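Shared chain: chain A. Partners: chain B in the first complex, chain C in the second.
Coming up: the complex of A and B.
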């Protein structure tokens, strides 16, 4: 084994602020995105979308469209007999609807023509006759309606799924608490708003193999969906993920348009392209679920939590998408941020006639994080404890298990809180600023990669191959996809570091199912950690092969061989060296053709109960933020003047990129806090059954402009985590989490009103101020959580009560466990 | 992407030629200046002209003359208007209004004439064709229900021009030229209370210039309410101009509300109330209430109509305080998201 010493002192690339490898080609407009691809003889596709929110399709007559000059092919649902979907448990989508449409925007037919304009013209020549069905516009309607359910696999009517878990006896924990706080919150749904609209190009070769270039975060999952939906061997399909102009979760599902152009290209033997309009991107959606939440939390006078009962209700829209996972995520990560001795939760997802909800940055976690962080602010207020101190007293020990058997690694939350408290001048500002100005604090935690794949398998989650040859060039291959987050830069920098060369010497090939080993995709903040560990393994194997050859040639002990500055040398006497290229030649002479691999699979989860696959991660990142706001009392307009944020990243691989991700998360968070909302519009039911997207345009779906963006003061907390590549944890999603509640809490500090809803619009703030002025409870938010009949909870004893990670629904096990329960709970809370 | 439907494009070099083509081609032709609104609307099928007559090549439409008063060619871009320091000094409200239209990129192309004639807007109308089909269209285009006011026989789309309220407050007039005639119309009379047919301009007329009289003793301002610091159309605006004598007594005043009706609303009651008074706190407060009575916002823009109506008094307050000489720059930046002016 070659000489290895990785530390901040010896890193040449890692931890140094660098211009990322793809920056120049992006800022000079040379990066090829999917919509930039143009192939000879290429045709263009447009989709006809449903104009009704819910209806049976009676007939689709394409004869006039097919006859339109320039039209090559018209496809309908009849051409696609096989259903698909991202999760094995919800294979409920078709590339084109066959029997039924479920929202305005559901695709019904596709036209492939010589150009986009001709295809658009032909869409208006397709005659569809529908039989309308009742419109389900809201979660309340979905819970009540018993006729014509949207999906026939729903658990009951329009209830997609109800889940209930109990980690210890929470009723008892609440009964014995000094205080029980009960709060309901509403988090409106919102969407990703990536700059790039989805685009795809498919081309078929003469032997019948097909290639799809697409703006996707998950080429591997698209590959699987294509094989299934087109009923052909995956080996004959190649999916190439183009660089994405942003994803944020909006490009993690396999999409109908991807399957349609692939099929069309195979039928026509010509390349077929589609580029969605912005409105169609709103129809693809898969954005943040609207979630109604109710928290019942037990707290003792000293500010320690005794237990929590959480209920969530999700508006799923018309399809499953990642919905079951999203539903679990509205609850599963709650015990990661702070220690929670006992925890029970119930969650329910319903179907409505709207574009399907799915994963957006933070996937299911920002909603309950908002709820808990605002509730903690209320608890701190009531118990007269400083909100920062309250949270500092609730941090779990590193490397421990949560009550729901998630294994947390390093925890830098205390450092994060300390940093934002001191940098923001929190102690001089909280409760001390003049009315109208305020500060608020909140925290969050997020996983560095989902511990479980979308489909059950025992294979690696990420694979990396490295090829080296006598030219001295290194090429690294990985199925990961750069969606703008900079994963190509991470890949190249890790290999560069290990081999002691420069980033320009390393080429990377990513996101191509023909050329690259599988990586599951750019979601769940998994790429840096999983791809990174695989890349280090592959690079170290290459390094060892080279070192053994050089050791032989220069007669040096192999463990004295070092790599740096494009030289391979004796660490005791660096003058004894050869260039990296000469070293690779030596290695090729000794070992033959040079290639190495690395692979990564997450550690096994401690959770052994059904459903325990959602939440485990190799490690978790932590974040704390302080928001400073000014509230105009005449209008309710909130200006966020500054955000202080500290993020525990383990190790920062490229500080420029890390800071960029943090600021990007803040940008999205301030937008979600103040304005983002993917609403729908129901016309007066007496006059119309219409239910349309409220604001499917970049003008009316409000996100921050640069004028609205506050100053952001970023601190990066480094404490390398043994599970991360060189200690790195995630940064793509975590920094978003504390922003929304920090702003809500700052508004309370400024003017004493609570808006228990997101977005916090000036309309809501003014309403709360008016209630305050009238002497009423100055709160805007949902009044109650709807009545839902829950299934019996799956009972799992927390580790400190003797639990082994298995469900124990047998009464005698529960009873036996309960006998020594309370002593252990006491023991656990004393430890912290 | 969204594609423009096919159309014929003619770019005459004189107003008379443009007016002649407009007369000959009739209703299937439309004038286009900067095209920043019209071309986007055409992609969505809101307007479906077969012929576009461009005004871009008519040199005289880009002129500014300030011999006696100020005459602005209708083709002057908002960007070049903003570079004109004398407009900023003499007609501050107009300059401020032009500075908060859309975004810098759009202002470099959009013209003053185009903004005056800007199509009224409505969240049931400014949508793609297939979206509008999903609500069975609306009174403004292809349908027979005004979805924001289902009992209304008239379209309630919102006047969303920033410059018109400012120009009305400054007493501006516009010149309208047709193939056979020419007339000058007061800006305050250019609009009518029908969102589908909001201009008094005849379809055969070209709006060629904006005429502003010399303003002695006048001060003006423009306050725009919108969600964000750029890009957004107004959801309420207040254009205020007052003429005072040396002692601060008001000799004349024009207060105009934008974006809370199908046309900009000039309040004669406010003028009558203000003349002879000084801008003290009580007078300002009362003016706010007078203006609020006039506003008729509806649920077809961003945020709620009740809130927008509530905002009228405070925006009138901010505007009049600014004219009185209070330092409201911070407030302007924070509440109205107006960095300029």
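Coming up: the complex of A and C.
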């Protein structure tokens, strides 16, 4: 057929800086976000949320609220008998709580009224009587025995899940290492704080079908949750994801308010809208888990790692959410960044009476990335190896398997490191700047899409349909959701490139479960790669149909047909051509009505052990960063003066957007490093003693303003990956990963203190400086990792020791195995 | 039903005279979005913390979520819907579109209105002045750098257009 090689020289759209397709509607205020939708006869919904962190619900009396003028409907937990949840293994949520509330903010009742004001008034007329239960406020408390666990499916006490894996004999690897470094770290939880507050509108048609417009990153998963929770056929439910005013993972769970307004609309036969207040958004959370970590890492004098043992403990808050996946992600991706001959890990997630944690940009990986990158800085310091050189010596070969059977594709990490080292003047700065100023380096890697769906199935992860007709118009349909990252622009640009037309000629319809084929959603940095591959497939099929018709008509060999400049032509003699519209007419004459499809499913994983489904990805992006800081020793205030960052993206589809994603990731990383923290505190006993969110407002939850944002110098490394659409890998999440540790390492370079905690607040810096002045170990951070009873580790032999990706019996195979990188047996290990 | 009484209000919004009957408790944000269906103005907090709701009142940026509509009697209000001159986009709009000044676009109307007020007072602001003027407008997507660049580009465009217009006249 007419497949012609794509290359950077022939691209007309791809790789060129371009105005994204939704930009003009956004700068004119015409883009309709969920709360901008208003329908005739629309009612408004408000939720009554629990004021207690943990309690049994005894009675809910809604009689006064129902009688309030203007109130149309009051719903309680009794109206929602079915539980739901994003992961099949933790179906633990109800649209409205029925027996029990588990955190301050858990919804108990809903009022639907003529306007928001009236609904709010009626909320205060609902009488709930609670029987308080003991509050679990910390991970330490959650590990203790309790009479009233938050969730009855907890493994033990308030332990949600414990996992243990061993990829090779790590004890042996550490025993044989020249040095063993042992470090504990704490990464506080933080939140997405997307600028748009979650909003949803539901409308029912008289035939009994219902439509939900919502600010969701995953309309497909909302669709499934609605069908389950409302016990109705999914075919009668339509979910439309509006453009999201930012997501960052905060809109990936199906939410209780989405189900409540859908049900209310069906009961009332009228549209119902809800828009959460900013305070409610903070309480909905699903943000970054607080993680305590302990690393034991074996390293030889030459700086090569021999093995690593990692333990993580996650504060999950009150519900499962994506928690099991988050727990795996605190460990599973560690061997992707650097080569690790042997690796064992244990991870534990607990329930506490706090807003549920979930996925935030980087999902579970920024925490251990922080730990490992800071530990590597300590290793480099101790072994007197330059931190950049240390890392350059640890990079895996491209297209290799990790010890835990993740298949990595292209790896641009060495180039990324070289680029930030030269651009930042690292060699003249590291250890050479006057006290108070410093530079720090760190790296990271991230998935371009999770290789496994949330629920087990063999269907495509992304589907695209293209419709063309005699008008010359092209419409592309895909379930993907634009959360601001620019996925609609990616979709249109890929189709435009293949068909040789202009972006204005291609309309896209996305995120609509009635109209568009399923795409799993905007999470795990999956959209560009998965939707992109499906889009190229659908577009190439359309191109082939057109080419065959044109070839016949103009009597040209089909493999000589070219597409560009809205013309379809003979590549040998471009004067023999017809317009794209004429070409589509030819194709419609020859083939009938024109529509094509494309599908994408990730390659099969090499991991065949239980739990091996978390971590595989079609390819991984790589990033390196150098942070430059100034530390004010009087106040402890850290100013990040500049960030140099290089990101291996495979192929940059639209450089303006790519650079924006990188800078946006840096921005969020600097905020996490220095100030972002979702804390909790108890109200004074005379108020209720309840455990409440410490900072549920945009004023109290500190983020960078334009004043605080450092200059970012971005380098994009392009080395097309065969698994990516035109070689592209992800950019939405990876660039955040190295920022926090790069800043921590820069602080050490500046003033010689270690803050092994995020966020690195002025108080912590001052404390470390005081310890330094007093001649003590100048380190602030957790002293120990809590004692947890771990299950027997699942043992998997690394590929280079003969492993086949399956879990194996440990002792025999272990003893027979040869170590991969160590041929000498080392004696004593040392603890640092 | 909410009992706040309705009051007749006169506003000039984007050069159009508007007479609306509004509840006295409503903020300017609510009247713009709900009564006048000007949903281009956004909200991120409704507490004066994020800047998403910024509009211009008599040429000055105000947080429309903090202002009672009644305080705007007879005022000139400019919103994002009035920034373009019919089909002619304002240079700030073009610059934001071209230079990555927006991603999700939710903070964008507020950013643009604040930037417009800045450029009207300071034709060629320094980076420090841009940071100062826009520091009340939070954005979670862009990391601000391309927003700053967009404002700078728009300032240059406006100056060039004015210079060439002046050149034509002289």
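In the analysis below, the second predicted complex is superposed on the first by the 799 of 832 C-alpha atoms of A that agree within 3 Å, B and C clash if a C-alpha of one lies under 4 Å from a C-alpha of the other, contacts with A are read in each partner's own complex, and residues count from 1 in each chain.
Rule of thumb we're sticking to: a contact is a pair of C-beta atoms (placed from the backbone, for glycine too) under 8 Å apart; a residue touches a chain by one contact, two chains touch by 3 or more.
What you are looking at is a predicted structure, and each value in this text was computed from that prediction instead of being measured.
Student: In the overlaid three-chain picture, which partner chain does A:766 touch, first (chain B) or second (chain C), both, or neither?
Tutor: In the superposition, A:766 touches chain B alone.
Student: Tell me the contact category for A:104 with respect to chain B and chain C: first, second, both or neither.
Tutor: First partner only.
Student: Go through the superposed model and pick first if A:707 touches only chain B, second if only chain C, both, or neither.
Tutor: both
Student: Counting residues of chain A touched by each partner, does chain B or chain C come out ahead?
Tutor: Per-residue touch count on chain A favours C.
Student: On the A-aligned overlay, A:36 touches which partner chain: chain B = first, chain C = second, or both, or neither?
Tutor: In the superposition, A:36 touches chain C alone.
Student: For A:277, decide between first (touching chain B), second (touching chain C), both and neither.
Tutor: both
Student: Of the partners chain B and chain C, which touch A:635 in the superposed model: first, second, both, neither?
Tutor: The answer is first: A:635 touches chain B but not chain C.
Student: According to the stated criteria, A:356 is in contact with first (chain B), second (chain C), both, or neither; which is it?
Tutor: A:356 sits against neither chain B nor chain C.
Student: Looking at A:22 after the superposition, I want to know if it touches chain B, chain C, both of them or none. Which is it: first, second, both, neither?
Tutor: In the superposition, A:22 contacts chain C only.
Student: Check whether A:117 is in contact with chain B, with chain C, with both or with neither, and answer first, second, both or neither.
Tutor: Touch status of A:117: both partners.
Student: Once the two structures are superposed, pull the chain A residues common to the chain B and chain C interfaces.
Tutor: Residues common to the chain A contacts of chain C and of chain B are 117, 197, 277, 697, 699, 704-707, listed in rising order.
Student: Which of the residues in chain C end up touching chain A in this complex?
Tutor: Listed in rising order, the residues are 1-2, 4, 25, 33-34, 37-47, 49-50, 52, 79-81, 83-84, 89, 92-94, 96-109, 112, 130-132, 134-148.
Student: For chain B, which residues are in contact with chain A within the complex?
Tutor: It comes out as residues 1-3, 5-6, 123, 126-128, 130-131, 133-136, 145, 147, 150, 227-232, 302-304, 307, 310-311, 314, 331, 334-335, 337, 339.
Student: List the residues on chain A that touch chain B in their complex, please.
Tutor: 49, 51-53, 104, 116-117, 120, 197, 275, 277, 279, 630, 632, 634-637, 639, 675, 681, 683-684, 687-688, 690, 692-697, 699-700, 702, 704-708, 761-763, 766
Student: Which residues of chain A touch chain C once you look at their complex with the stated criterion?
Tutor: 19-20, 22-24, 26-33, 35-36, 38, 69-70, 114-115, 117-118, 121, 192-197, 243-246, 248, 277-278, 483-486, 656-657, 659-661, 663-668, 697-699, 703-707, 709, 711-712
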